[in-house]
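For reference, chains read A, B, C, D, E and F in written order, and residue numbers begin at 1 within each chain.
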Amino acid sequence: MSSPASLPISRFPVPALADLPADIRERIVAVQEKSGFIPNVFLVLAHRPDEFRAFFAYHDALMDKPGNLTKAEREMIVVATSNANQCQYCVIAHGAILRIRAKNPLIADQVAINYRKADITPRQTAMLDFAMKVSFEANTVGDDDFAALAKHGFNDDDVWDIASIASFFALSNRMANVTRMRPNDEFYTLGR
Amino acid sequence: MSSPASLPISRFPVPALADLPADIRERIVAVQEKSGFIPNVFLVLAHRPDEFRAFFAYHDALMDKPGNLTKAEREMIVVATSNANQCQYCVIAHGAILRIRAKNPLIADQVAINYRKADITPRQTAMLDFAMKVSFEANTVGDDDFAALAKHGFNDDDVWDIASIASFFALSNRMANVTRMRPNDEFYTLGR
Amino acid sequence: MSSPASLPISRFPVPALADLPADIRERIVAVQEKSGFIPNVFLVLAHRPDEFRAFFAYHDALMDKPGNLTKAEREMIVVATSNANQCQYCVIAHGAILRIRAKNPLIADQVAINYRKADITPRQTAMLDFAMKVSFEANTVGDDDFAALAKHGFNDDDVWDIASIASFFALSNRMANVTRMRPNDEFYTLGR
Amino acid sequence: MSSPASLPISRFPVPALADLPADIRERIVAVQEKSGFIPNVFLVLAHRPDEFRAFFAYHDALMDKPGNLTKAEREMIVVATSNANQCQYCVIAHGAILRIRAKNPLIADQVAINYRKADITPRQTAMLDFAMKVSFEANTVGDDDFAALAKHGFNDDDVWDIASIASFFALSNRMANVTRMRPNDEFYTLGR
Amino acid sequence: MSSPASLPISRFPVPALADLPADIRERIVAVQEKSGFIPNVFLVLAHRPDEFRAFFAYHDALMDKPGNLTKAEREMIVVATSNANQCQYCVIAHGAILRIRAKNPLIADQVAINYRKADITPRQTAMLDFAMKVSFEANTVGDDDFAALAKHGFNDDDVWDIASIASFFALSNRMANVTRMRPNDEFYTLGR
Amino acid sequence: MSSPASLPISRFPVPALADLPADIRERIVAVQEKSGFIPNVFLVLAHRPDEFRAFFAYHDALMDKPGNLTKAEREMIVVATSNANQCQYCVIAHGAILRIRAKNPLIADQVAINYRKADITPRQTAMLDFAMKVSFEANTVGDDDFAALAKHGFNDDDVWDIASIASFFALSNRMANVTRMRPNDEFYTLGR
């Protein structure tokens, strides 16, 4: 096996579960029970408990809330923008979640590499065009973008959702790259 | 006066204070009492209470916590990266805070436009070089960057701080641009 | 005060007024009498008298002549393109002039950071879109650009004016950056 | 299954095996017998028999010949540069081959997304740094690059090999993107 | 004369004609007889006989075959994309061929520097717009591009031709830059 | 002949010699007598007499004055930066002047396409490296650049010269592109 458990998951210190504040430890244990393993992002970010709490509160507010975007669509935004940002952790971990949410073993790799050629709807392509614009030139976003999305049935609150997810992962991708956050081996095959 | 109070501060609906959840209203009122006005970011983001809570929890965890970076240095990171992202709200609002924190009426404009020519120390220039790298090519961050920062006395946790602030404002800049968040007129002259 | 008079205004030698050719000294004294101080660009460029004369002759031919562009609009072009070129001197000095010409204390910072969100007219936004194109990809300028500007009432000579101002400050921004030209402290607050 | 066999593999006509010149048909049948399926690149490019012959002759001259680069290393070059070029076919097909050649189920995704964080040797990182330079700024390649590679034990002919592979896939990536070449479903899971 | 025959034509070893495999030597001799000199690309690439054979087979399949693109148009694609890639050999050698094919002594320099201002037809400009897109952002090529070209009378196979030539010279430009391939002095004046 | 005299040399009105102010007409006639033809830049810019006077005063102050840079070296700066800016007029006209000044028929094309591969000295390569930095990222110019140039014997005033020439042609290239300034046919072959 090429990536033994002994390979570091962060270039920063990783706290032991036992040393963490109770609320953080409980959240991590809950994830572990549900997933069968602890995604490394939880351990890496636990180095900073206050930032950890805010990060996951933000994440949940965007990714778990009700809304017109399906959960698979939200993951598409993560996967497409994260590959453009060359974020290994986010593409591999959220690629797994996308495969599961979409019940489609091919979709994550397609969306990561070039969403314009992926097996998705024109509406989803328009969503990703906008997400990429938010990631790379949000300064030029304007009325035309809202109009283009409206043609595909996205209302203003949907646009906020797309923008927020792309923006949150702009943050997340940068932290994963700086911390050298390592994806768990489990993610590579989940949902394939 | 060119920007009457009637100009919109967001392209999304802005909630009335009275309609907000109590915790959010209290936070906003507290800021208003301290600053003399309500910075528009609070009202614009209150459109989404859960995201609001996470956003400001994250903000406070980075900007208000103890640490080796002075508060003025943290604001320098915000101002330099936000101008590079062409984020009007963040440059103008945090420019004001930087002038106040640094007790220097010139520093914010200098750092915003070209920090390499600003009246700052070589250590601060190195800090901003790294912050800009996190903003625009975090994928290439590596050992050399940590070594370069260490030469200026930044330890690994300081690097985390610089990276986190640059990453958080990567998020913030994008949301401000998409929402067309308008800076309060008051910020333009504060600290000059 | 953070920027005492003793800080250098150029990385090149700065001539004493008394040592300058009479015509240059007279021009500088005239500016000083009108403005109350000598803008550093005059002293920095006086290192090369012939280039000084051509520079200011060109400047005056573009910025002071009659024409359909208001003087405030010409300054908008300078401020928007100079921030994109990260030219501290030009943004700060011409930002001051723009505030005065437009009688608007907010306009310069807005235009510098992201003119698309500034309190300007659609016609002025189109003017700045074109000015930025001249600054960064003049090679692709073509009939479509002239047609787009004509829709906003700009005739061909107006387009020449926009292009010339953007082009002249392409020169100016580069020289200010190479000479490390320092903006006078006075500019930061003029017109606010 | 999300990508039924009926989805087009090219936006250009795809010839039937029976209609192909004998030498091309034989080559394709040989691949099919070895792999268990026909990789779509063979069918898509068979639209132009002469180009097909030259393409695969070039491919084989680079990828199958003896040399100091291991076959896995050659595939790393393909995978890293092809993701940077957003070429779905090449990343997915050659990612599969890389997993098999390296006997490592994780390596292809790591190298595709951000080779700087992959489980590879410093020598391989230097090889990929150079391959990316050839892909995106070959005009600046010079003595320093050859010297940097020599430090890792690459002789001049090894450098030619790296450069040739990156160059050949510069061609291949562009044709796959223009033809909208679809990766076979089989590639997604091979070697995982 | 500034470039005596003694200046190296490659940074790699250049084989003597006598040492080459017969088929390669024959091809080179045939070119020499036709042109009056041996274009250096033949000698530089002969360092690798198998790659040589594939390279020229590919070249001939694209540049010499019948088709709707005139031979001059094919050379325009080479010249425009090669200058954008800063490939000295390809611009100078194929510039000469373009001048000859087009019977126009000015066309090559015009197309190389800025084809948008060249003395060519709108149809040829559209062809070069697409060729440049293939060279620099093939990942975004889609239906709109095919439609735009169809308006100028290009059918799908013509689009394949344009794309293939741009792709092949993406390869060729990179190899010429890495090998430091020197153009023969003869090319500079041919066809002027 | 492919570019008959009837092709427009500007998209703006071109004044008749007889209608020009005497000083401008005299300058143009003097050039015509010396060169045998009127370079189009004189006629195109004469549309604006005041700008014409400033432009050529600036040009002469940089290109004709005494100094450590040879006249050929100054033209190299023009040619290299103008091709990077895709300015047809400047590359072709100043390419001719460079060939004449350097008494080298090959140098202009080499420097235009990729100066790193041109038959020039390491000192000249360093000069052009800096000129390109001034053209494309003057905001990052700093002490290191002056030190690198000093190693090749360039003093600070030489650096000013390089920077000024690159800056002046930043202006000139943009105006030539916007006016669609056509190079005279004569330039293509001068000095070859």
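Just so we're on the same page, contacts are C-beta pairs under 8 Å (C-beta built on N, C-alpha and C of every residue); 3 or more make two chains touch, one makes a residue touch a chain.
As the structure is a computational prediction, the values presented were derived from the model and not from experiment.
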Relative to subunit A, which chain has the most distant C-alpha mean position? F
Inter-centroid spacing, subunit B versus subunit A (mean Cα positions, whole Å): 23
Whole-Å distance, C-alpha centre of subunit B to that of subunit C, is 28
Whole-Å distance, subunit B centre to subunit D centre, using C-alpha means? 44
Which residues belonging to subunit A are in contact with no fewer than two other chains? 86-87, 114, 139, 177
Please give all chain pairs that are in touch with each other. A-B, A-C, A-D, A-E, B-C, B-D, B-F, C-E, C-F, D-E, D-F, E-F
Which subunit C residues qualify as touching subunit A in the complex? 114, 116
Show me the residue ranges of subunit B that touch subunit A in the complex, using the header's touch definition. 11-12, 47-48, 50-51, 53-55, 57-58, 60-62, 65, 85-87, 134-135, 138-139, 141, 146, 156-157, 159-160, 163-164, 166-168, 170-175, 177-179
Subunit B-facing residues of subunit C, complex: 2-3, 7, 83, 86-88, 91-92, 102, 104-107, 109-110, 112-114, 117-119, 177, 180, 182, 185, 188-189, 192
Contact residues on subunit C for subunit E in the complex? 139-140, 142
